Every structure is written in structure tokens, then in C-alpha cells.
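There are two complexes below, and they share subunit A, which is joined by subunit B in the first and by subunit C in the second.
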Partner chain A sequence: MITRILLHSLLPALVLASGCRDGGSGDGGTTEDTGSDEVRQAQRGELQWKRNAALQRDLMRALELPEDGVCNELGRGSCTREIHHIALGAADPLRIGLYEPLPDTLVSTPIVLDRVVMSACVNRANLDQGGAPVVFTDLDFGAQAPAEGDDAFTATVTTLYRRLLSRDPEPHELTTLGGLAVDDAGKPVSAHDFAVLTCFAIGTSSEFLFF
Partner chain B sequence: MQAPTVFIVRALSRHLGCLLAFAGVSLATTEAWARPTGPRAFCETYADAPECMGRSITCNKCHLSTQPVAWNAYGGALFAALKGAEFDANVASALRSIEDEDSDGDGLSNREEIALGTDPGDPLSQWMPRPTPEGAENPSFAIGEYDPAFAYKRVRLLFCGASPSYEQTKKFAEQGGGAQLEAIHDALAECLESDFWIDEALASLAHPKIRPVKALGPDTDVLISGYKITLADYQWDYRLWQYLLSGDRDARELLTAQYHINRDDAGNWKKVDGIISNPPMGFGGGQLLAPEHRAGMLTTQWNLLLNIMFAAVPRVAAGHAYREYLGLDLSLNQGIKPVAGEPLDIDAKGVDAAACAQCHSTLDPLSYAFAYYEGIDLKHLNRTGTYRLERPAERIPGWDEAQPEFVVLDTKVDSLVDLAREMSQSREFQRNLANVFFVYAIGHEPVPDELEEFDAVWTAMPADGYSANRLLHRLVDTDAFGIP
Partner chain C sequence: MTTKIGRRQMLLAMAGAMGTTALGSALSRATEREGSTADKDRKLLFILCATGGASIVDSFLPVTRTEVDDDALADTLNVYDDAKIITPTGSNIRCPGYVEPVGLLGNLYELGYGLDPFLAKHHRWMTVLTQECTSVNHNVGQYRSVTGAGINRGRTLMEAMALRHGEDLIIPNCNMANDGYIQPGIDASLPAFAQAEIIASPLGFAAAMDGVKGVLGAPDRALVERARGVREELDDASMFGKTFAGSPRRQRFLGNRREVQPRLEAAKMMDRLTLLPAELLDPKYGVMSSPLLPTLASKFSNLLVDPWESQAALSVLLAYYGLSCVSTIGLRQEPTFGNEKLITTPIAFDFSHNDHRMAQYLMWGHVLKAVDALVDLLQQLDYLGDPALGKMWDRSLIYVATDFGRDKTRPAKAESWGTGHSLNNGTLIVSPLLKGNRVFGGIEPTTCETYGFDGSTGDSTPGLNCSEGHIYSAIAQALDIEFPERIDMSALLA
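Moving on, here comes the complex of A and B:
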């Protein structure tokens, strides 16, 4: 089930990756042409990707996590600083004599990005579920996910957009993310799963990862 | 891919009158036709060419290979235009005479390619202008123009290490155009004082220059009888780099500083004058060099240890300095400025062989100035990073008789201190430093349509007091930084 939900979660990520906020059809939950090819394309198209430090710091800031609360690989060390830092575009002069970051992403980079963002989102959801909530303040973790259109749904998605993307969501984006509140059978998922999946979908969007 | 000879033949076919002469000369004296003075002559002729602004062309401009010698289409055309005349005296007029030709047949004349910064001898070396934006207005970015919101986010991420918050973004968006540009510079000024910039990003830019090795440095866990095998402490190097490239300080002191930098208990910079002893229980870790022989990053104990080691003639140290602080990598044929009579092959390494002399005629006159500085002397480990007037004569038989001259960038100097000062005053130093920041901020080296504004950024360094901060303020104003 969780795999299906994760796959489902990629849908909004792809929509977000189109780079078009308000050109969508508005019917949500589909992969229809959003009209992005009709708007002016960037001349340079030379976006940079958030490398290890920026990724970690942005997740710390957005989700109010401590440095060691973003992602720790099997208790052995920080994903962004010690374990997967090369894949995330860092140098490592002291340990392996890599004085400059690799110029391009590695095959493992997308997987590592998913890993780091998922970890941060799970950690935040767990903290909010177990104590005074900081990010998911509008969710009742003892209940099911709010339905699309509910105040709690809109407030949660809006909070995540503001924290991760520094803007408000467009109406069609709210509609798209509504698909994460239910499973394949149309039944509501738990509030915890909704929190994690929504955070992950927005946190792995190209809008969050590139600048 | 076409065979090299195709280019040569194509070029020469335009100069049939010279073909026989070319064939005869090249068969008779092939090696003599690789000209290490060529790059200098080219940049004297085209001083305003982008490739000559704070750098110089490489041999590849004319050659497919220098050993054995082979020309590309442009080099072949130049050779033909020389008509067998003496090279140095006639190369300028020969270059001018082929300006209107299109040697590589790519549709642009040689002069147009030189002005653009592409290779007139390589048809695959081209620059395609960026397409004019078409379509409906992009709701997310200002396409084709400087986008303040895009630039603001970049500034925050690159120099503060994190994206602007929702509140910061909203406040920024509410401001007018002029106020937004001001806000970008306010944010940059704030970020340039941040721990992220100074301790993380700026330090990371120094890794290739310092090349720390944990096992030899202060973090080593190698112990012998309780004696820590620290041979030198690269943290001195990092601190000097961070100090001089922050706080509006004079970046030239990277090569001229005769002090070192430490931090007090509160983390504030503290300038340290005089000799700094090695810490107890360590072979190195201090700065034993007398201040009058210091040349900033070039003479730290770590740099001398790592790049001189056991060498009598410290060519690695010289090549490293030339590459990292002037952006001229001799191993890539960059910055070839041969000195007449060099290389002397003073240490009998065979560097006067034809294949070696092309670079060593530039490298060796740089290296001699480093010969007074000690890398590793296994009999006297406490000498690492010191100056000894007698060292060259001790290590190089015939040093006194040869009396080699020290030369950098075509200028004769008296010592490494003078050499480093000459480097620090050069356009190559300015351009290289700006290039380090450009690549960090933009993500690639300047391309042809970015060169004009890039050159404007680094040539302003003297007026800006050689401040890295002011350079960065100019950089974020460029189209390369702010146009999506």
C-alpha cells in the first residue's frame, strides 16, 4: 500500500516540475498538458540544484528540524554531510581527496534526494504526532486525513507550500494534492501518511530542488 | 570526425602557392615549427580578444599537436601566410592577413571568431546565440530580462545557504523595482558576513588551492610513540583565505601577506605577526618562516610542505601557484610565456628536450624562486616551511654558476616575494579570482555572450580595492546571474 501511495505521490511532483503554476487545466489529478509549452521558456535554462548544504539548511528551516534531525543513515552519520554528500554535490577533500564537487549529478542523486526529503518529512510528522505540533498544526494525527477542500487540508497544504516553496499554492495544486488524502480505493489515508506524502511531494518538486 | 590532415589540406588548398614550400619545410624541420612564442604574439596582436583578457590562448589555437607538430586549419593558414619568413618578426602581419578568411569553413571569418572567443581552426567550436523568447508571459519568471525575484533567491541560497522564507519573499515582492535591487544587495551584504559563506562556502572554494591531506595535518590520527605526525597545519591556509576574501579586504594579500590569521575565543579574526612555533608534540603546525620571506598562501608551511616536498627545483609548487592563483595551467598549455635561453635544465632532469621545453621555458624560471624554501628534509624535519639561502646551492650542483633568473609573466623578479607581488598585481590574478566566484554563482565558466560583462566585473577590481565582496556585488548585477 505504501508503495502505491508513494507512486501516487509522484504525480503532483511531476505536475509541479512542469514549472507552470497557473496554466493547468484545473481538473487536477491528471497528467494533461498544463500549457507550460505555451509560455515563454527561459533563455538560459541554467538552473542550479541545491547541493548538500543548501538542501539540508532549507529542510531545517522549512520543517524546523535540528541539523541531526533531517536525515541520519542507519545511525552512522548525516545523509547530507557524511554519507551521501558526494551524490548531493559536495566535495570531500580530507577523506578522499575530492577537492571540488563533481560537476554533474550521479545516478544515485535522485534516489538520495528522495531519501533525504522523505526522512525529513517523516521525522517532522513523527515529532508533530508525538508532541506539540510545529508544522502540521491543523491535522488530527489520531484521525484520518482531511478531505480535499476541508479547512485542515487547505491549511496543511498551504503551510507546506509557504515553508518549502515560500509561496501560496495555486488552486489546481490544491486539487492535485487532494489525491494524496485517499488511497487507490478512494478511502482516506491516515493523517500521518497524508502529512508525510504531501511534504515529500512538495519537497521533491523541481521548484524546491532547483534555483 | 575528420582527420587532422583534412583541416590542414583544406587550409593549405587556399594557399596553393605556398604548398610546396610548406611541404618542404615541414618535412625538413618539423620540430622547429612548434612556436611557444605564438600565444604571446597572438595576444599582443589581439589584446582585446576575450581569450587574451587576463589570460592567453593555448597552443591549440593553431595546433592539433605540438609534439609531433601538426596544425589545425587556422594554424595551417597562418603558416602559409608566413611564407617561410621568420616567425616572431612576421607573425603579427601574417595574423592580420588571414583575418577575413574563414579557415575552418564554419561561416564566420577568423576575426569574427577571435572577437567571439571561438576557435577559428575548429569548425565545431561555435557559439549559437540564445533564442529570442516567444510565447505567453511566464507567470513564474521574467524571461529575457533581469528577474529580481530570481536573483534574490539565488543570493540567499548561494551566500546565506538557504532560500528566503515566505515572509522574506512576500516582503521582497511588495517592493518596487529599484527597492528590489537594493534589497538584493542588502541581502548579499548580510550573507557575506554569515557563517555559511565564510566558514562553509568560501572555505570550500579553497580546497583545490590548499589540497588538505588529513594524514599529514592537524587532524591526523597517526602517532609514533605518542608523537603526533602533524607535518603542517592547513587551517592556517584556510583562515588566511577566508580572512582576505571577506570584510572588504585586499585580495592581493593572498599572495603578499606576511602575517597569519588566527581566531580568538569569541571567533573573531586575530592577525598574528612574527614566527609561530610548531605546537609541542608535533613536527609541524606552526609558521616558522621569517616574515620578510613570506608570500601569503604560497609560503605557508602547508603549501611548501605539500608542493615542494623533496624537490630541489620546486616545479610543482610553481605550477600549482600559476594554476590556482593565475588560472594558467601549464599542463594544458595555458600561460606559455617562454623565457629566452630557458629551460637551463639546471638539475639535469632532461627538461630541455623539445617536447618538455615548450612548457619548462615558462615553468622553470618560476620554479627557481621557490628553491630557497624547504619542503621536507628528513634529516631536519623542523626545517619544513623555512627559508634557507644556501638551499639551492646545496641541492643543485651548478646553481651558483648558472645564476638562473626568476621570471613571471614576462617580468624579471628578484625573489619569491617579488614574484608573488607581481602575480598579485596581474590581470590574470584578477580574472582568475573573479572566475572562481563566477563559476560558484552561475554554475559554469563565462560563455561568449557573458564575457563582456564578466570582464567588466573583474577589471573593476582595482577601483574596488581588490575586495571580493565588492566583486560579488557586481557579479549579482550581471545578466548571467539574474536572467533566468
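Moving on, here comes the complex of A and C:
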């Protein structure tokens, strides 16, 4: 009986969820599939900021890093929990009496995020280069970065999109990221640099940092 | 706007270059450029938050037994023996001399800095204003001490200051304090640039000035810039970016990332703000100590272990390098250890609940030691490292904010006692912008309660009370901050 009630109550939600996933075939209005590539802007635009603990956990999960393997600021403490926790959206009731986290990002927030994600990406690339690779499995760290269109390039970018953004890259995104396989002079960068830069670019995108 | 950024970048770069050889020998180096009108006119505000209730009766408005003129009554009031009160030569202000560490846990304290040396040295810059605040709740009292109880559309002094003097500064309003002192104002129309940058870790804040420097193994900066460019392209073109293009939260974030971050990184502030000495910086990170660290450390010798000192030191750097025009620092709740004993009490001034006189003397000494250091440094340093702009001190105001006062009574003849919170108190401001060596208002010896003054004439009048709004107005007037409700405090201006 209880199971039946639960199923009945969950059914509408499941139907709605599947409808949204398909791009909106119902008459919901704002998500109607017009058949064009045009993207409708969210009317309210309300986004949540992925704050310090969630950011840390998401990076640990996506890059399979231990807690102390994400970011340690100049060897003096955790970036996300000790040194930059306020800029990353944490509360701090005991030390500074900040009982609720700040509603919006600070001036230093983007900079600190760059440091945290860069550090996590470097740590993952180093681990993969020095041992059995976990994330960058398709890269040959002894060689140059794969060129855009190469299987290793596509596989690496796709892996990072799936791990960090839980989706596949669009073709135009693959093309854009092709710019990270070479330097300003057009010379191929190392596979290690390519791994770090690609991870950094995707991991600091607003899509990863807001939800 | 582009012109303004370019000017600022140049300014910061020059100020930084000057900082490498700051003081003494290199005073002629900055004459090749002139500061902007904004730089010349800019004022600097330092708010030192004396958390827990710093009592003016135990600092610069003490009452003596003789003044009470009634021994029995004097035994029940927070008064001092006449011999304990010191009035330095030339000073119109007086203070208690050395207070013996007696009472609860008295032998655990290390008294480092007395009130009378401070008064003797700085009395000509000191302005004491009496006031009666409107709350004895810590958080509320703290907040009202920086908002004037809402006199200026709910803007904090720091926000008003940033709005008036900080529009072309990168982080004009830096707040390292705590509790009510870090709460934002309630004016929803306040521009984002004037909102406070909350800094919980002054020793680590320098790292927030650069997204790459010191991150071990990060690719070459040119490659990182390339990755940032790709990222911005991806961000705008992605389904997510298009869908949430109008999100205020995302826009604010991207605005800071695309406009402010490049300015900060170009200004190379990470090394300049680093308060860690070389021996604590592993060379593998490629980070250097601030060129001004030796100068700062000579004044703030305990800055590595005392957050109060590290906050004060950072506040000097933030102003000197043209990043901010207002810095707020605050005493922490936890005690700080000196060599062997405590140099601050637990819960700062609020330890007066347990041992009033000892807590007040110890904590006032701790606060004034930082004020002394700040004054010395500000008098020593040219603003932005540019002699043409004059010393930082000439444009500075130091406001010692506090939650509220303390009770004025004691158990008969008690030498050690505890006090509750009191609305009645006074405020210390140290600045060349106000009439120094002056007490505005007075104190009634038979109650130890302060009374107020007329801000337009300066006349003290028993029965008159000055509120948080008067203090806010006095500071605002000295700093050229105008608002319709400002109370005329012209009599206080230098």
C-alpha cells in the first residue's frame, strides 16, 4: 500500500523529469523544441554558487583525488577549508563570527578558484604521469599533446567533460579546445600541459562553478 | 574606463616598484609622475574594532577618587586612585598608569604596552568623543558602531568610504574583522565595488592576488592565459552560458574574472602583500616576501602568531599599494600567547565580565600598540610610494570602534571585579583630520557616566547625549563623505 502511494506521488515528477530531459515536448512554453538551435535565456537566471565544500568534493570525485590532494596553499593549509574558505563561499562562525556564508562571490573569488582548480588538475596530471593513469588514460605523457581531431584528443576532452560537467562536449567545444594543444606560436605543447590546461579550462567554466 | 584602468595599472606598478626600495634612500624616485586628482584627494580610513566593549572610563576619560568627593561612593565606582592617573606633558587628555595584574588569572598575563606612553607620544592626534550607544547586544552594538545606527541609508562607514574614495581602486573596502563588524549595510542600491572584501586569513590573502603564481607545476603563464581565453570562449558559447547569460550572480563573477582579475595580476600584488618571511616560504613556490615586510615586522613583531597584528600589517599594505581606501580589523575571541604568558584575554574586552580592570588595561594596551604602529608607519610612508602625494598619515583617520561601554560600578572597595554591558561610553579617534588633544563631551564623577557635546560648537553639556550617528557623522565629515542626514560636527574638524 505504501509502495503504491509512493509510486503515485512520484509518477508526475518522473514524467516531468523525463520531459525536461527530452528538451520539452510538452506545452511547458519555455522549453518547447522549435527545431532550431536557438537557446532560450532563463527568465529568472537564478544560479547557485558551488561553495567551498561542494567544490572540493566535486573535484575529488571528478579527478579521483584524496582530500589533501586538491589544493594546499604554499604548503601552509587547505585552500578550500582554511586559507580561502570565505572567498569560496564558506561560513566561519567560530573564527570570525560569519554565521552565514556570503550571498555572492567576492573580487578574489575567481582568482582563488583558478588556483584551486589549477592545483587539482596539476596534481591529477602528475599522478597519471607517474603511475597508472586514472583520468588522462589516453595521453602519452612522454609525447606532445595530441592534435585536435586525434582520437586521444577527443577521448581526453570527452573524459574531462563527463567527469566535470556530466555531459559530452559539443563539436564546437572540441574545436575551441583544440587551441590548447598548441602554444601561441602554433607549436604543440607537452601532453602534460595539454592535460592540465584542458582540465583547468573546463573546471573553471561557469558551468562547473554554478548550478 | 579603459583609460582609468591603464592609469591605475601604471600607478600600482610604480607604487610597487617604489615599495622595493621603500623609505629612506629612495625618496626622490617618484617625482617623475603626478598622482591623479582622486589620488591626491583620497582619504584613508582604518577601523580598529575593539571587540567586547572597550570602556573609555578605563582609558582616556578616567575618574579619580578625589573628583568623586565622597569616599563611600568612590568605593563603589570604577574610579582610580589619584596617583594612578597620568597626564603627560602637553596633553589635555589623561589615562591610568600601570595596572598591577591582580585578580582572577592575573599572573597569566603579560602586560606589554601601557596607555601612558601612547598618550605621551600621540596626544596631539587623539580626539576623544563621548557617546551613548543604543544596544548592549554585542552583534547589534558592533554593527551600529559602523553604521551609525543606520544614519546613512543603512550604509556602513566602510561602504560609504569606498563609495566616496574608492571607485577606481580594485578592492576599496577590505574587512578582516568579525561578527557585527563584518555585516554588510542594508542599502540595496550600493554598487558592488563598494561592498566589503572579507579577509579571514591575512597571512594567506596575498595568494588571492594571482591565479597561478605559486601553484606548483602550473604551465607557463602564457599557456595559462591561452587556456583562460579558451575558457571564456567556451563559457559564452555553451548551452549553460547562453541559458544563464542574464544571471546576476554569474555576471558578477564573470565581471570580476574578466575585468578585475587581470588588473590585479598585472599589478603583481602577490609578492607585495606576502607577510610571510623568507624562512617560511619554500623557494619552490617562487613567492617572495613583501618588500615592506622588514618595516612592518619592526612594528608588528608578533604578526605571525597574532591575527590582530597581521591584519594591521596587511591594512597598511593594502592602502600603500593603492588597493583599498578603508581597512577594518578586529580582535579575535581566542587569546594570544606572548613569550610565556597571555598577551590578550579570552573573548577580548568582554573578559571584563570576569576581571574588568585587568581586561580593560591589557586589551587597551593591545589595541593602542597597533594604533601606535599604524601611526608610525603611516607617518613614515609616502602614499603610493610617491612623495608628491605626501605621507599616508596626512590623509588618514584611525577609528577605534567598539561594541558598547561597561558598567561603572563595582562591589565596595573591590580591586578585582566583573562588569556588565553599558550603553554609556566614548570613542577614540586618532587622526590629523580632527582637532587633536581634545575631549569632546565630559564625564560626571559621581556616576562615571559620560555626557555629550554639541558637534557644531564643541561645547560639552551635561544631560546631552551623542549617539552612534554623531560618531559616524564626525568621521564622515572628516573624510569628505556627505549624506543628507549627516549631523554637523564642524567643531571637531582640524
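Keep in mind that, in the parts below, the second predicted complex is superposed on the first by the 173 of 211 C-alpha atoms of A that agree within 3 Å, B and C clash if a C-alpha of one lies under 4 Å from a C-alpha of the other, contacts with A are read in each partner's own complex, and residues count from 1 in each chain.
Going forward, contacts are C-beta pairs under 8 Å (C-beta built on N, C-alpha and C of every residue); 3 or more make two chains touch, one makes a residue touch a chain.
Please read these numbers as outputs of a predicted model, since none were measured by experiment.
A.B. asks: Regarding the shared-chain residue A:50, is it in contact with subunit B (first), subunit C (second), both, or neither?
C.D. replies: First partner only.
A.B. asks: Looking at the overlay, what does A:107 touch: subunit B (first), subunit C (second), both, or neither?
C.D. replies: Once the two structures are laid over each other on A, A:107 reaches subunit C alone.
A.B. asks: Let me test your reading of the model: by the given contact rule, A:95 touches which partner, first (subunit B), second (subunit C), both or neither?
C.D. replies: both
A.B. asks: For A:41, is the partner it touches subunit B (first), subunit C (second), both, or none of the two (neither)?
C.D. replies: both
A.B. asks: Would you check which partner chain A:166 touches, where first means subunit B only, second means subunit C only, and both and neither mean what they say?
C.D. replies: A:166 sits against subunit B, while subunit C stays out of touch.
A.B. asks: For subunit A, which side has the bigger count of touched residues, subunit B or subunit C?
C.D. replies: More residues of subunit A are touched by C.
A.B. asks: Of the partners subunit B and subunit C, which touch A:80 in the superposed model: first, second, both, neither?
C.D. replies: Touch status of A:80: no partner.
A.B. asks: Does the superposition put A:175 against subunit B (first), subunit C (second), both, or neither?
C.D. replies: neither
A.B. asks: According to the stated criteria, A:61 is in contact with first (subunit B), second (subunit C), both, or neither; which is it?
C.D. replies: The first partner, subunit B, only.
A.B. asks: For subunit A, give the residues common to its interface with subunit B and its interface with subunit C.
C.D. replies: Subunit A residues touching both partners: 39-42, 45-47, 95, 97.
A.B. asks: Using the touch definition up top, name the residues of subunit B that touch subunit A in the complex.
C.D. replies: It is residues 130-131, 133-141, 143-144, 153-154, 157, 161-166, 168-169, 196, 200-201, 204, 207-208, 210-214, 219, 442-444, 480, 483-484 of subunit B that touch subunit A.
A.B. asks: Going by the contact rule set out above, which residues of subunit A touch subunit C in the complex?
C.D. replies: Listed in rising order, the residues of subunit A that touch subunit C are 39-42, 45-47, 49, 73-77, 82-87, 92, 95-98, 102, 104-115, 118-119, 122-123, 125-126, 170, 172-173, 176-177, 179-180, 183-184, 189, 193, 196-198, 200-202, 204-207, 209-210.
A.B. asks: Provide the residue numbers of subunit C that touch subunit A in the complex, in ascending order.
C.D. replies: Contact set of subunit C toward subunit A: 139, 170-171, 177-180, 182, 192, 197-201, 203-205, 207-212, 214-220, 222-224, 226-231, 233-235, 237-250, 252-254, 256-257, 260-261, 264-265, 276, 280-282, 285, 287, 330, 332-333.
A.B. asks: Considering only the defined contacts, which subunit A positions touch subunit B in the complex?
C.D. replies: For subunit A paired with subunit B, touching residues are 19-23, 37-48, 50, 53-54, 57-58, 60-61, 90-91, 93-95, 97, 99-100, 162-163, 166-167, 211.
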